[in-house]
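Two complexes are shown next, each including subunit A; its partner changes from subunit B in the first to subunit C in the second.
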Partner chain A sequence: MSAIEIHNLTKRYGAQTAVDDVTLDVDAGSVCGLLGPNGAGKSTTFKCLLGLAHATSGSLRISGAPVTAQTFESLAYVPEKNDLYCWMTVREHLALTRRAYRNYDAARAAELLAIFKIDSAKLVKRLSKGQQSAVALTLAFAIRPRVLVLDEPSSGLDPIFQRTMLDLVIDAAAGGATVLFSSHQIGQVERAADRVVIMKNGKLVLDGNLDTLKGDEKIIEAVFDAEAVAPNGLASDPRVRRIERSGRILRAYVRTGSSDIVRLLEGLGPKAVSVYDLSLEDIFLGAVADDGSKQGVD
Partner chain B sequence: MPTLFSIDPRSGVPLYLQLIEQVKRGVALGTLEPGEQLPTVKALALNLTVNPNTVARAYRELERERVIETSPGRGSFVRSQNGVAGARHAIEDVAAGVLAGAVREARSLGLERETVRAVFERELARWFAADGREDT
Partner chain C sequence: MDYVELLRIRNAARIYGSILVLLVAIAMAAALWGIQQGHEPGFSSDRVTVISISSDTGDAKTPVAKSISDLPFTIPIGFLAGIAAFAAIIFATILGPSMNKENDGAGFAFTKPVSRERLAIRYVLADLAAIIGCFAFSVTLMVAGIALIGLFGRLVIDPHAFEIAACGLGAAVMWYGLLQAFTSWHRLPGGLFIGLSWIAASVVGPIASAIDLGPAFHAAVMAVDHLNPLAYYGGVTTSGHLVTPRSSLGLGSLETIGLTWSIGIVACAVAALSWKRVEI
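What follows is the complex of A and B.
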C-alpha cells in the first residue's frame, strides 16, 4: 500500500515549470530519499504534496486520502528553513506541539533534546542553525508520526547529529512509519533509504529500490588495441545511460542487462572487458549529467 | 552494542548482499554459532545505521537459503539442524564468491583459460601443500 501518492504533479510559477509531471508512490514503511541538484523541484514537490503550495495539476494523497487538516495529526513535516518562532523558548514550542498533537510523546521529546544537547529554557533565536534544526526534528519525531516529510533535515547539523537524525529515521521506519526525505548528502540516502528518487529540472530522472539499482547499474569498460569505437546502436540502446570514450578505452554506463552489453562489446575483439559496480554517487552523477553526455558514434 | 558486521554503504554492492555475505562468513567462521540469536531487524538496522527494510530483506534471503530460521515472536536464529553442513555450505558460498571474482578479473585482463588454470594450480600447490591441509 502506498502511504504517499503523487500522481502527475505539475507546478508552474508563471512561465516557469518547477515540477513537471512527477509521479511518485511511496510504500508504507518505506524510506524514500530524494536527491537532486538545487532548483530540481524537490521542495516544491513537498509543498504541493502537503497542500502548502497549490499544484497546477495532479493528484496528491497521503495515507489513501487527499490532504486535509486531519492528515497533519499523524504527519510531520520539517521544511528546509525551519518554521520555529524565534521569540519563543524551546519549552514553549514543546507545549505548543503537545496541545496540537494527540500522539505527542513528552518523554521522547525530552530524550531527543538531551541527545541533541539542547537547553529547553533557551529562546530559539539564541540557538545556532544546527540547534534549531535539532529542535525542529525533535518536535517532528515526538509526535510519533505515521508519515514524515523531511526537507534537507540535516542542514546545519554537525556530523554526529546527522547520524542521530538518520537513527531517528531508521527507528521510525522500523516502527512502520513512512519517510520521504530530501538530501544533498548521498551518503545519508545510501544508509537510510531503501528507495531512491532523483529529480532534475522538475522531472524524475531515476526512481528505484536502492539495492536493485546497485545490482543493475554497472560500468562496463572495454580496452581495445586501437582507438575505441562504440558499436552501432549502443548509444541509443535504452539500457545504456551514456558512453565515454578516451583513446583505446570505451566505457558504457548501463542501467541493466550488463551481461548482454558485455557480450556485445566482447564481439568487437577487445583486449579486455571489465564490469564495475556503481556507488549511489556514480548513479546520481550519471542520472543528472547533461543530456549531451550520451555521446558516441552511431 | 558493538558493531557485528562490517558493511560499506558506499560500495556498489547492494547492502542486503553484503549483509548476507557477512552472516554466512560469521556462520562459516563460527563467530555465529548454531542456535545463536541474531539481533532484531530494528536493532541491527540501528546498529549499522542502515534501512530496516534492507536488513529484513537480507534476513528473508538467509531464511530462504536455510542459513537462519525465524520463529514469530522469538526472533531469528542461526539454524542448529544441519549445523556442520550448513556452516560448510556457508563457507563454500563465501569462498565461491571470492574465487568467481578472481576468475572474472583474470579473464577481464585478457588471460586465456589455460593461463588462469595454471595460475590456479600454482596457488593450490602453494597454499594446500604448505599447511598440510587436505584438499578434498
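What follows is the complex of A and C.
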C-alpha cells in the first residue's frame, strides 16, 4: 500500500511551471530519497503534498486520504527553511508540540535533545543553524510519526549529527514509518533510501529502486593511446544513455547489453576497457545532464 | 497552536503593561504635584481654589492648608474607562496582524493537526480576551493609583461608564479586525500596516475631514471615515460630572457599539477566510 500518493501533480506560478505532471507513490514503511538540482521542484512538490501550496492540478493523498488537518496527527514535516519561532525557547517549542499532538513522546524529545546537545532553555535565535535543524528534527521525531516529509533535513548539521539524522530516518523506517526526504547530499540518500527519485525542471526524470538502478546501468570506460573517438552508431544506440569523452578516455553509460558495447569498443583497439557499476552520483549526474547531451564534451 | 499566540500576548503584555504602570505612576505623581500646586484633580461643577496641601504656619497671612478630602471633586469611572479604552485600542493594534505573523515562515503552524479556520478562531478569541483584559487591567491600575494617593472615595460610577467601555472596546475590536483583514492574506510585515493604520486614522482622516473641497469630496471622506475606528470613538466629552463617549460620525452610543463590534467581527471572519488560501 502507498503511504504517499502524488498523481499528475502540476503546480504553476503564473507562466512558470514549478512542478510538471509528477506522479510518485511511496510505499508504506519505505524510505524514498528525492534528488534534484536547485529549482528542480522538490520543495514545491512537498508543499503541494502538505497543502502549503495549492496544486494547479493533480491528486495528493497521504495514508489513502486527502490531506487535512487530521493528517498531521501522524505526519511530521521538516522544511528546507527553518520554520521555528526565533523568539521562543526550545522548551516552549516542546510545549507547543506537546499541546498539538496526542502522541507526543516527551521522553523521546528529551533523549533527542540530549543526543543533539541542545539546551532547551535557549531562545531559538541564539542557536546555530545546525542546532536549529536539530531542534526541528527533534520535534518531528518526538511525535512518533507514521509519515515523515523531510526537506533537506541535514541542512547545517555537522557530519556527526548528519549521521545521527540518517540513523533516525532508518530507525523510523524500520519501525514502519514512511519517509520521503530530499537532500543535496547524494551519500545520505544512497545510505538511507530504498528508492530514489530524481527531479529536473519540475519533471520526474528518474524513479526506481536504488539497487535496481545501479544494477541496470553500467559504465564502460575505454582508454585509448590517442584522442578518443566514439565509434559510428554508438551515440544512436538506444542502449547507450550517455557518452562522455575526456581526452583519451571514452565513457559510455549503458542500460543493458553492456557486453555488446564492450566488444564494439574493443574493436577500436583501446589500451584497456573496463566495466563499472554505477554509483548514485553517476546516476544523478546522468539524469540531470542537459537534454541532447548524449555526446559529452571534452 | 494558540499557545504561540498566548506567548505573543504574554510578551506584548509584559512590555505594554510596564509602560502603562509607568504612565499611571507619572499621572499619580503629576496629580499629587498638581494638588500641592493648588489645582483640582477631578471633575466639579464648582470651582474650588485649593491653596496648598501643606503650608508652614506662623504667618497669619499665609492661606490655611486644605486636606484633599475637603475638596468637592469626583472622579467618574467613565473617564477612567475612556482612557482605558485608548490603552485597549493601542494594544489591539499591536495584536492586529497575528495571522500575518504566521505567513512569514515555512508554515510551522500550518503543518500541525489543527485546521487554519480553527487556528484563526483561537487566535482571534485569545486576542480579543487580551484586548478586554488590557482594558480591565488599565482601569484597575488607574483605580489602584487613585487609591494609593488617597482619592478612592472620590470615584463615582457615572451613568455612561458602561457605554463608554462598550464604545471604546468596540473601536478596539474594529481596528483589530480591520488589521487582520488587511494583513492575513500576504507576507508583507504586519507592523507596517499598524503604522499606516495609525497615520490614516489619526492624521489623514481628521485632516481630510477638515479640508473643504466641495460636497463630493466631503461625502467621500465621510464614507471612508466609516472605516476609521477613531471616528466612532474619539474619546470622551466631559461636562461637569457627566462623561459621554464622543463620535465624530454623530452616531448614538448604541449605533456606535453595534457598528464597531459588527465591523470588527465581520473583518475577523474575512481575515480567517483569506488566511485559509495563503500559500507558503
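Side notes on the structure shown:
Note that in this section the second predicted complex is superposed on the first by the 248 of 298 C-alpha atoms of A that agree within 3 Å, B and C clash if a C-alpha of one lies under 4 Å from a C-alpha of the other, contacts with A are read in each partner's own complex, and residues count from 1 in each chain.
Convention: a contact is a pair of C-beta atoms (placed from the backbone, for glycine too) under 8 Å apart; a residue touches a chain by one contact, two chains touch by 3 or more.
This is a predicted model, so every value here is computed, not measured.
By the document's definition of touching, neither partner reaches A:Gly130: not subunit B, not subunit C. In the superposition on chain A, contact is made by A:Leu52 with subunit C only, not with subunit B. With both structures placed on the common chain, the touch criterion links A:Ala193 to subunit B but leaves subunit C unconnected.
Within the superposed three-chain model, A:Gly257 lies out of touch with both subunit B and subunit C [touch as defined at top].
In the superposition on chain A, A:Ser274 contacts subunit B only, with no contact to subunit C. Using the contact criterion defined above for the overlaid structures, shared-chain residue A:Asp211 touches subunit B, although it does not reach subunit C. When the two complexes are superposed on chain A, none of the residues of subunit A touches both subunit B and subunit C. Touching subunit B in their complex are the following residues of subunit A: 29-31, 163, 166-167, 170-171, 173-175, 187, 190-194, 210-212, 214-215, 217, 271-282. Residues of subunit C that touch subunit A in their complex: 1, 3-4, 7, 11, 105-108, 110-116, 118, 277, 279-280. Residue ranges of subunit A in contact with subunit C, taken from their complex: 47, 50-54, 68-73, 75, 77, 79-85, 87-88, 92, 95-96, 99-101. For subunit B in complex with subunit A, the residues that touch the partner chain are 9-17, 41-42, 45-46, 49-54, 57, 104-105, 108-110.
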